[in-house]
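Two complexes follow with chain A in common, the first pairing it with chain B and the second with chain C.
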Partner chain A sequence: MASFISYLERRADHLLELALAHATVVALALLVAAVLGIGVGVAVRAHERSAEAALAVAGTFLTVPSYALIGLLVPALGLGYAPTIVALAMYALLPILRNTLAGLRSVDPAVVECARGLGMGDRERLLRVELPLAWPVILAGLRVATVLIVGIAAIAAAVNGPGLGEDIFVGLARIGSASALNYVLGGMLGVVVLAILFDAAYAGLARITTSRGIRG
Partner chain B sequence: MALLRRLALPLIVSGVGLVLAVWVGTQELDSIEQRQLNGATLLEKIVEHLELAAAASVVVVVLAVSLGIVLTRPGTRRLAPAVIAVANVGQATPSIGFLVVGAIVAGIGFDRVLLALVAYSALPVLRNTMVGLQQVDRSLIEAARGLGMSPTATLLRVELPLSVPVILAGVRTALVVNVGTATLATFVDGGGLGDTINSGIRLGRDTVLVTGAVLTAMMALLLDWVARGAEDLLRPRGL
Partner chain C sequence: MAERAPGARRPRVPAIRLEGVTKAYTGRVEPAVRDLSFDVAEGETAVLVGPSGCGKTTTLRLINRLITPDEGRIVVDGDDVSGAEPDALRRRMGYVIQQIGLFPHMTVQENVATVPRMLGWSKARRGERTDELLATVGLEPSAFRDRFPRELSGGQQQRVGVARALAADPPILLMDEPFGSVDPVVRERLQDELLSLQRRLRKTILFVTHDIDEAVKMGDRIAVMDHGGRIEQYATPAQVLSRPASQFVSEFVGPGATLKALSLTRVGDLEPAECPVLGLSSDPAAIRAAIRRAGTEDALLVDDAGRPRCWVTVEELERRFDALGEAAIAAEATVRRSDDLRLALERMVSTRAGKAVVVDDAGACIGVVELAGVIAAVESLRSHASVTARGREVRPLSPVSD
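What follows is the complex of A and B.
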């Protein structure tokens, strides 16, 4: 235990660097997944069958093992950042899409009717009434997606990708030496701390971005 | 129509398998690729992978369901929120970390990999079981007790049957998680289709890499499909 703590002190700078790269990859993947998930959710919200098909496809992505999915992307995208970000975005899609649909459907039809009565067009109604009301649910989906992909991102190191997975693989390579466990635990701890920080950030984000009228 | 929808996944997966077979068949394979991509080797990897995932899932389900029952009894119920909180954090812990820690602490090989798989997938299944048992309507339990059923009879004849859908969903989760984690067993000499993917990446042979990855994906999707079918079949009537 004492040796682990002194290890963490010695390696702090490097761990911070890896954590930053890890967070960057996760954030980029979330951005892609959010644009796609919310976009597709908005597009298919009124068509029951397209919505079901979109959910089925996103669910299929989530079933494919991470190493297989990243591996499949390597011939097309090479090693490193690109396959990692695309694979993570594919995993993040289901929770975001599912919650976008659920959120939009939970909007009271009377409110939408009311907006129409006020003379709002389709676009304005979506942007100023439906999405703001659905936002807390969509944000919850983003949060679930984040916890999910922060952990998966550790696999990226297997394809020379960035992030805290690197130290887990360094530990693997050093099995037999005394420092191996420190490396692995340091990497794992970093991932968990990152997940907790992301989660806390969401709590703050929910507070700031929720429309004042529906803030609890 | 309903039947067609139900069979859509296996049909698509078989189609993908066929395309893969034709594609690999038309490639000019060098000796390295031939060593990886012959029927016997691939079958061995598939069997290893299935054995790992199935064994881990069986152990996890038995363990997690019994632990879930124990932790939702009146005396121990206070522990439940803490266990669920730990399970939520555990979800963010990378699976590869579990495998490597397992390898460092216990050594490598099938049994040790199995241990790591169990440790990693136990939490989500435990969480599912506990949530399932907790959401059984309290008034139904009261009613059963009022009818003169003992606590054990209430558990066996009311609570568990009503929790079956949630527990089965846990089984399915365990299976999907374990097939995924078993792909990483290759890093700690545990075998499985991860070997094929890994060789493809290390040796720079895309044919090997794609074959391993597609076979892994096909296996995961088919197992999930079978588990979903089992969920529908085993759900108690009346639910």
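What follows is the complex of A and C.
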């Protein structure tokens, strides 16, 4: 225990750097997944069959083992950031898409009817009424996606990707040596702390971006 | 037609006209409305009344193009709606629905200003308009403008719904069972307020309800609708009540049509009853003489301010005048000229005197009405239903007048 703490003290700068890179990858992947997931969700919401198909595809992504997925992306995208972000975005897609659809469908039809009846155009209705009302559910989907990929992002180290996976992989490679456990534990701790920080950020974001009129 | 006010132009331009409109929802064999034709004249309140599922909502949604007809034509203010840009068309028609449908994430102010914002009004003008409208619908602007819908009662929400529909001053209001989701007491108040609002605003209103009492109360004209959007009768409330055009209409109106019709006539329209009115301190002999002269059974005694106190008969006068206070029947049943006959009848039959004193705003007696007057009014309503008690202009029965 004492040795782990002194390890952390020694490696603090390095760990922080890795954590920052880890967070960046996760955030970028989320951004991509959010644009795609919300975009596709909006596009297919009114077509039952397309919605089912989109969900099935996003669900399939999630069943591919992470190690395999990221490896498959390397020939096309090279090493480092690119395959990592794409793989993570693919994993993040399902919760975001599913919640976008659920959120949009949970909007009271009477509210939509009124918006239409008052002469609100499709675009405006989406941006001013449907998405704001679906937002808490969409945000919950983003939150689940984040928890999911913060952990998976460690796999990026397998393709020379950035993040806390680096230390975990180093540790695993040296299993049996004195410092191996410290490396693995340090990386894991970083991931857990990041996940907690992301979650706290979501709580803040939810408060700021959700209208007082629909806050729970 | 003879009753028409001289110089009144008829027909006025119909603000809404449906011609042979048919609409079947996809996947349905039976059309929801079939070959529907009717007009709503400008400035009038027309009520579509009929059982659930008969096509009322469908009709409204056809008019503001939330759905498009399979056949037929809909003309609003002279323009065929099929050629109009739907959003622009809808902004000219306020839309109020039973489920209210306020935007829960927006404040009252933002809800009300929805259409003005879309029309590009400045923020200041929107704020001004919101406050004006909130006051109009009976909500104190400073207390309500920043609230969210969930912080309002059902009745308050629907007031906001009405304010939102009126925001850009559209000439037409489409109201789909607007008061269907509030309790009866609030409903009655909202109805009264809409009536008084309408007296000022003179909008063209198409009001949908399944409640014949509400239809009678709100409508200048009532279209009684059967399944498939078939209009069985389109006439004034008095005509629908006293001369139902079909078995369907009379069954829909139900028993008690005569009592319902009473709500169409005001106390002020009644023939006043003959009745001597004297001061409380009048000499018994004078009272007796007045009764004899008028040929009535009793006289009404009023206090110094003219407020009704009691009824006295000749026998009571003969017994002993000092005991009058106890012997006489207190004249407690009072009505205003603006009250309807339903209320007047209620008051009359709840006192032994069997009549009611008409009082002014200060409570002073200005006349007396009795049962015979009510019966006469019902009779005249029935014999020429074309004379409506609210003094409305009357149109022929045919759905489309030209």
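Rule of thumb we're sticking to: the second predicted complex is superposed on the first by the 216 of 216 C-alpha atoms of A that agree within 3 Å, B and C clash if a C-alpha of one lies under 4 Å from a C-alpha of the other, contacts with A are read in each partner's own complex, and residues count from 1 in each chain.
Keep this in mind: contacts are C-beta pairs under 8 Å (C-beta built on N, C-alpha and C of every residue); 3 or more make two chains touch, one makes a residue touch a chain.
What you see is a predicted model; the values in this text were computed from it and never measured.
In the superposed model, A:129 makes contact with chain C only, not with chain B.
Measured by the number of chain A residues touched, the leading partner among chain B and chain C is B. In the superposed model, A:96 lies in contact with neither chain B nor chain C.
When the two complexes are overlaid on their common chain A, residue A:60 makes contact with chain B while staying clear of chain C.
Contacts of A:26 after superposition: neither chain B nor chain C is touched. In the superposition on chain A, A:196 contacts chain B only, with no contact to chain C. In the superposition on chain A, contact of A:165 is made with chain B only, not with chain C.
Within the superposed three-chain model, A:117 lies in touch with chain C and out of touch with chain B [touch as defined at top]. No residue of chain A touches both chain B in one complex and chain C in the other.
The touching residues of chain B, counted against chain A in their complex, run 88-89, 91-97, 100-101, 103-105, 176, 179-181, 183-184, 187-188, 193-194, 197-198, 200-201, 206, 209-210, 212-214, 216-217, 220-221, 224.
Interface of chain A with chain C (complex): residues 108, 110-111, 113-121, 124, 129, 132-133, 211-214. Those residues of chain C whose C-beta lies close enough to touch chain A in the complex are 64, 66, 86-91, 95, 97, 99-107, 114-115, 118, 148-150, 161, 164-165, 174. Only residues 60, 63-69, 71-72, 74-75, 79, 147-148, 150-155, 158-159, 164-165, 168-169, 171-172, 175, 180-181, 184-185, 187-188, 191-192, 195-196 of chain A touch chain B when the two sit together in their complex.
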